[in-house]
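Next come two complexes built around chain A: one with chain B, the other with chain C.
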Partner chain A sequence: MATQYHTVGKPSIRKDAIPKATGQEKFTCDVVIPGMLYGRILRSKYPHARIKRIDTSKAEAMGAICITFEDVPKAKYNERIVSVPSATFKDRTVLTNKPLHVGEAIAAVAAETEEKAEKALRLIEVEYEPLEPVFDPIAAMKPGKPSLHDSIILQDKVVEIKNNIAAKVEISEGDVEKGFREADIVIEGTARTSRVYHTQLETKSAVVVPEPNGGVTIWTTTQTIHNCRILIGEIFGIPLNKVNVKKISLGGSFGSSIQMNSVLPITVALALKAKRPVKMCTTREEDMYDHCRYPMILKYKLGAKKDGRLVAGEMEVIVDIGAHNIQAYPLLGCTAGWLVSLYKMPNLKFVGKAVYTNKAPACAMQGFGNPQVNFIAQTMMNEVAEKLGLDPIEVELKNYVGLGDVFWGQGPTVRSVIRSCGVEELIKKGAEMIGWKNRGRPQDKKGDIVRGIGMARGFHTSSAGGPMAGEAVDFSGAMIKINEDGTVDVIAPLQDMGGGALEAGLKIVAETLGVPLDCVELAPTDTCNSVYDVCLHATRGVYAGGGTLKKVAEQVRQKLLEFASRILGVYPHALKIRPDENLKQGVIYAEGISGKEITVKEVAATARNKNWGTIAAVDSLRQGQCPPAYTVYFVEVEVNKRTGEVKPVRAVIGADCGTVIDPIYAVAQIHGSFYRGLSYVLCEDTKYKRRTGELTNKGFLSGYNILKAEDMPNPDDIQVFFANTYEETGPFGAKGIGEAAINPVPAVVANAIYNAIGVWIREMPITPEKVLKALKEKGGN
Partner chain B sequence: MVNTRILVNEFEYFEPKTVAEAVDLLARFGKEAKVLAGGTNLLVDMKLEKVSPKYLIYIGKIPELRSITRAGSDVIIGANVTFFEMMKAAELKDYPLLREAIESVQLEIKRMGTIGGNICNAAPTASAAPPLLALEAKVKLVSKRGSRVIPLEEVFVGDRQTSLAPDELLTEIHIPALDGGCGTAFGEIKRKIKFAAVVSRQGDTCKRCRIAMGGDVERPIRVRNAESLLEGNRVDENTVRSACEAVLAEIDPENWYVREIAQYLFPKVLQEAWERAR
Partner chain C sequence: MEERKIRVKINGRDCELSVKPNELLLNVLRNKLGLCGTKYGCGTGDCGACTVLVNNEPKLSCLTLAVTVDGAEITTIEGLATDGKLHPIQDAFVKNGAIQCGFCIPGIIIMAKALLDENPHPTDEEIKEALKGHLCRCTGYINIIKAIKAASMAMSKA
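The block that comes next holds the complex of A and B.
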């Protein structure tokens, strides 16, 4: 499919590859401003307390600038404004006088060096009144339990919080009772997913320069410079044209910077008070108290006919969101949507509750509820198939949501009709490649060490676009201009979490303009010189961000051809452009007419010399759809029945992301997500000490276990292939891949373990201890 | 909350060029000083403020601590030899279990971490401990007061506790030659349990055996009860089972998982050493 393109679909070395590999790329922590101070944050020792007294005088006596709750704006905000205001619950302030988790920021200091700042921090005296904490979400909902937030703010209205329930979503389609009555088989199960830390490379950081005009210039770890700008403007009452957030490389994120990170407003408050630039880079230990994935308890009941057709499903989800509601409401909606969009289920009921507890606040992480739902839904579907004596593949093919069906891209309010779907192709081809038919039955596998093959499929939305405005804001904007030498500047606030969304964007621009990829560069971008872009999330980078770049590049192309037409005397619509790698230029030509050729450089230079103006365009794009990107995983694991160890050894992974913009990075995204997902399902969890509310593994150094390279299957044993699909609404037929790449990983591992040893383990992480215990409970061997 | 971006507490730093200089400093500063080798344990502990030494004595600039030599039938490893250097050393080829044990250490740590640091840190999970215990290694401890050579076993007194006096420097590890024809083996389940075995046999009878264990246990130890149950006896299912019981007796009864996997791993390691013996 991609052969018709000169740049799209061809591998390239991404522009940030060499700077990143050689350490030359600049991240927020590399920003140095003359005269800057270093900030540090004082964090609560208690999981739940009231600050009775806080004395910063000793710290101030050594010259440090100090701020406490008294020094910050009192209006509550929500750090994530991807959702519209009516779906955005505000429950926090820049610093607090009632900390709700160990590690919550209660004061901050700035001093000449980090060492001095650290010393000053330790001189602050705090008198706490410890309050009873609650760590378990089920307990937190019981009457009589301490309440974390008595009230929160929704669109300037006070909303009361009862039983610590931060948000609730109920969705019902058809009649589940009737559905279960009609079912030939009904199974029930409960899954628990873990509270993993994002483990992104860069810890959250900010550098803030107060400007003479009362504004601020900001560098910070973020997926959205524009939303950071809006929030800082709102919180501190600064007009937006005086808040400039500069885009800078993001050292990974996995979703943890979809919101403005807590460190930014604190740094702004310090810089405004100090009247000097302040830099704040958090430690790994602090960062682990700042965000994690949403852990869920999922109860699921499933009814099917003898032939494997699903008739009813009922799911109850309890989400332990920790101390703040960053986006629990959209999360619950999305979680329901992922279930609705996984199977055609005529009768369905979903109840989701998000519960406050005295732990670090959970936030978006790759998949946004999707791996959690997928874990229970895909393992129980496998179980139904096993119980009915059917091949799980057949059952999947009978029930999946595909071409022509309605897809929920971001909860109930973001829906569109599926126009491209490679599920069947991926399942059939993948099954062939892994040797699905020969996987055997668990009861026939002998010896201490056995192997099993599992299958799971999943998807993710590409963007939160749709035909109507939903609860999520979703549009991007960009400016593209052709320089006087024929090179191209792309001014796009879109971020890149490391997956290569921006490289894909440049390819889309090069392809549209007909110039060599080398001619196109990302220009330094900030909120003052760029138009709005919501955020890099929801697997929207290529589809929505890239779609926007294509739209803008088409306008630039149009203008370019008009100018060329004036010079060549050929109608603009009769002109074509081809990249010339030798000239390092795009060449505009009239097909079949010799002599009617001109380089982009010559056109741009002529436009300047003749005062025609710059060949440029700026525009925004809202995608009218949210097409699903699909993945199908086949994974082989080796299980040691005597030790419970699970070793993934081989995988075949099929993906439908429409047109593949770059084969290297699409495969890399899948490899990376597979590895990230393996560590999620097999190993990671942030655990809290029951009495003190502290993390047991305070950071990497003192032992947050993740899988390491040596624990992962060799990349040579992972085969990735792509579906032959074309998404008509995406740029050059492309959809996303980002989050779709991780979603089925927990389920596929659990399914493979079942195929090896015949037990279902639905409590993550699936540690050797749990496997061994499950085997013992099952008996035998 | 600790600040792991920096070393919060201030200290004075020394780089002695000889063992004599180093032990002089240790004698002067005693408990307030810490020896710095590769720093892969110590710097972590300092960042976490588990320890806050006032004086750091870096021993990486003392050439004599960096070599591997032979003395008679013993091999002598300088305390500051890294895991990586041990992996490459021709002198250590005769001790395959040592290599097997340190193979799994991650690359960065192999490059930075030293054998002396591994021993003096005295973690129950120390990679080099079980093989060195099974090899009946001795260590040389030097102080301004003199020097002594003691069995490694006597160094490990508890979880991250050694019998070294505050003014003592570990300078050498002595590994005696193995009996001809003996078999060795090492096995581990990462972070959980490690076994090292050295076995000499005569037909079906175990002539001599050394068994060491580390992992999620109190400290690295020789399991002497298991050794004596095997020595002088036929090695069969029964003796292996009773040796395994002796191993289990050394593991916390609450630690069900480690006990389970020990029952899997120990017989495997023993069997492997047994089969390799001639």
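The block that comes next holds the complex of A and C.
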């Protein structure tokens, strides 16, 4: 399909690659403002406490600017406003006088140097009244347990919190009881997924400049400059036209900056008090106490017919959200949606509870509940197939949600009909490539070191768009203009976490306008010079962000052709544009009529000289669909039965992202997701000390288990291929890819382990100890 | 604390700096010299983002006191490209899709330079070994390994 395009589908070099390779790219921590102060944050030593007394006078005496709970606005807010107000639970303030986890911010200072700020921090005297903490979500729901939040705010109403349950979602379709009665086989299982730390390379940071008009200029680590602006305006009562958040590169994020990071409002409060610019870069230790993935306990019961057709499913999920409810309610809805969208299940019941505990607050991380559900659902489906003596592939093909079915893109309120689906193609081709038929049975594999091949499939939504407004806000906006020399400025507030969504956007613009990619650049963008864009999340960059750029570029093209038509005397609809790599220009021409040609530059210059105006457009787009991108994984692992070690050795990965905008970066996204998925299922977790509520690794990377280069299969042993699909609602037929590529990874590894050693392990991370334990238990019965 | 004068050659240029005895090379490069390509990722020697060459040896600048490099020759990521031409390693990273967010990249490219200087034709396993001290959360290391191999080929042809 892509061959008809001059830019889309062709490999290109992303524009930020050279600045990043030469150390020129600027990140928040690289921003330097003359006269700026350095900020540091004082953090709670206790997992649960009341601050009885806090004395900053000694720090102030040495010249530091200090703030505590007394200095910050008291109205509660939620740092993530992707959801509509009725689904946004507010439970926090900028600083607190009742810390709910070790590392929660209780005071902050700013001083001339980092050293002085550090010294000032040590001079603050704090008297705590330690309160009983609770770390286990099941225990936290029991009566008589300490309450973290007595109440929260939902749409300006006070809502009481009981038994630390922050949110609850129940969904049921059909009649599960009846479904289970009709089933020939019913199996039950429980999975536990880990509390992964995002481990983005750049720690959360902010630089804030107070402006003479009472406003602020901001650089910060964020996936959404416009939501940061709205929040800072709301919290500090500053009109939005005086809050300017500047877009700057992000050193990774993976979901951890979907919310306004806690460091930003603290830095704003300091800068406003100091009346000087303040820079605050957090340490790795601080960062590790700031965010993590939602860990879940998932209980699942599933019923199928003899032929492998599913008839009923019942799932109960408990999520340990930590100290704050950043987005537990949408998470539960999404989690139910991922299950509904994985298998056609006529009878289904889902109950999800999100529970407060005295740990770092959990937030979005690549997949948002999807890898967790996929882990239990795909491993148990495999188990059903094995028990029925069926090929797991056959069972998947019988039950998957595909073409023409309804897909839940973001929980129950965001649904649309599937119009493109490459699942069958991916499964069949992938099975062929890996040698699925020859994988053997676990009972026949001999020796201490055995290999197994697993299969799992998954998907993720492309955006939270849909035909009706749901509980998630989802639209993008952009401005595009053609300059007087024929080059193009793209003013898009959409962020890029590193995956290349914006580079894909530039290719979409070049394709639409008919100009060489070299002519198109991302302009420096901030909230004052750009229109609203919700956030980079939900794999919406290419589909929704790129879709918006296409819409705006089409309007620019229209205007360009109208102006060219005045000059050439050819009707606009008879004109075409082609990129001319030699002229480094777009050339407008009338097909078949010689001499009727003009460069984009000449048109733009003429428009200026004749006072016709700028060739530009600005608009927003809400996608009316949320098409799923699909992935299918086949992974081979090597299990050492003596040591319990599991090593991934080979992978075949099939992806359906519709039209591939850039083959190099689409594959790169899949590589990265595969890696993070492997690390998630095999080793990552954050653990807390029972007594002190501290992280067992104290916030140091050295104590955090994570896969390294040496743990990955060799490049030649990872094959990636794409489905031949076209999504009619996406820009040039494209959907997303990012999150779809991580979701089945935990399940595929567990399924491969089963194929190697014949045991199901559903507790993440699957460490050597757990493998040995499972082998021992199997040997014992 | 008393500041001390040190002389170093940074990216080919001689400079004299006055540093505190407890000042880290990382902070001197970033704050005093404006060489912000060298990144802070952990401060504890666990991520490699701060790697620079000190007398052609890769060193973690977050664990190196500035006073200890007195008289040394230092190369940071900013010093690799010459006359506006990318170093072949940088070029290979750019062309092989090895760069995503880019935050880990300066440290990894510097390490790759040290590796290829010593071992011009490393195997996958040798590259992985050299990447032991480096964290990249975005790429899964796959295209990084490919880029280092491509650079090794390009450099041996040149």
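Keep in mind that, in the parts below, the second predicted complex is superposed on the first by the 776 of 781 C-alpha atoms of A that agree within 3 Å, B and C clash if a C-alpha of one lies under 4 Å from a C-alpha of the other, contacts with A are read in each partner's own complex, and residues count from 1 in each chain.
By definition in this document, a contact is a pair of C-beta atoms (placed from the backbone, for glycine too) under 8 Å apart; a residue touches a chain by one contact, two chains touch by 3 or more.
Every value quoted in this text rests on a predicted model; they were computed, and no experiment measured them.
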First, second, both or neither for A:K52, with chain B first and chain C second: neither
Contacts of A:K178 with chain B and chain C, given as first, second, both or neither: neither
First, second, both or neither for A:Y675, with chain B first and chain C second: second
Of chain B and chain C, the chain that contacts the larger number of chain A residues: C
Touching partner for A:K778 - first (chain B), second (chain C), both, neither: neither
Partner chain(s) touched by A:K387 [first = chain B, second = chain C, both, neither]: neither
First, second, both or neither for A:R43, with chain B first and chain C second: first
First, second, both or neither for A:V667, with chain B first and chain C second: second
Partner chain(s) touched by A:E118 [first = chain B, second = chain C, both, neither]: first
Which superposed partner A:T643 touches (first chain B, second chain C, both, neither): first
Touching both chain B and chain C, residues of chain A: 114, 281, 283-284, 701-702, 708, 710
Residue ranges of chain A touching chain C (in the complex, touch as defined): 13-14, 16-27, 29-30, 32, 114, 198-203, 249-254, 281, 283-284, 497-500, 664-665, 667-668, 671-676, 700-702, 706, 708-710, 712, 714-716, 718
Footprint of chain B on chain A - complex, ascending: 40, 43, 103, 114-115, 118, 281, 283-286, 289, 448, 640, 642-645, 698-699, 701-702, 708, 710, 768-769, 772
Chain A partner contacts - residues on chain C that touch it in the complex: 27, 30, 34-47, 49, 76-78, 80-81, 86, 90-91, 93-106, 109, 124, 127-129, 131-132, 134-146
Contact footprint of chain A on chain B as seen in their complex: 1-6, 8, 44, 47-48, 104, 106, 189, 257, 260-261, 264-265
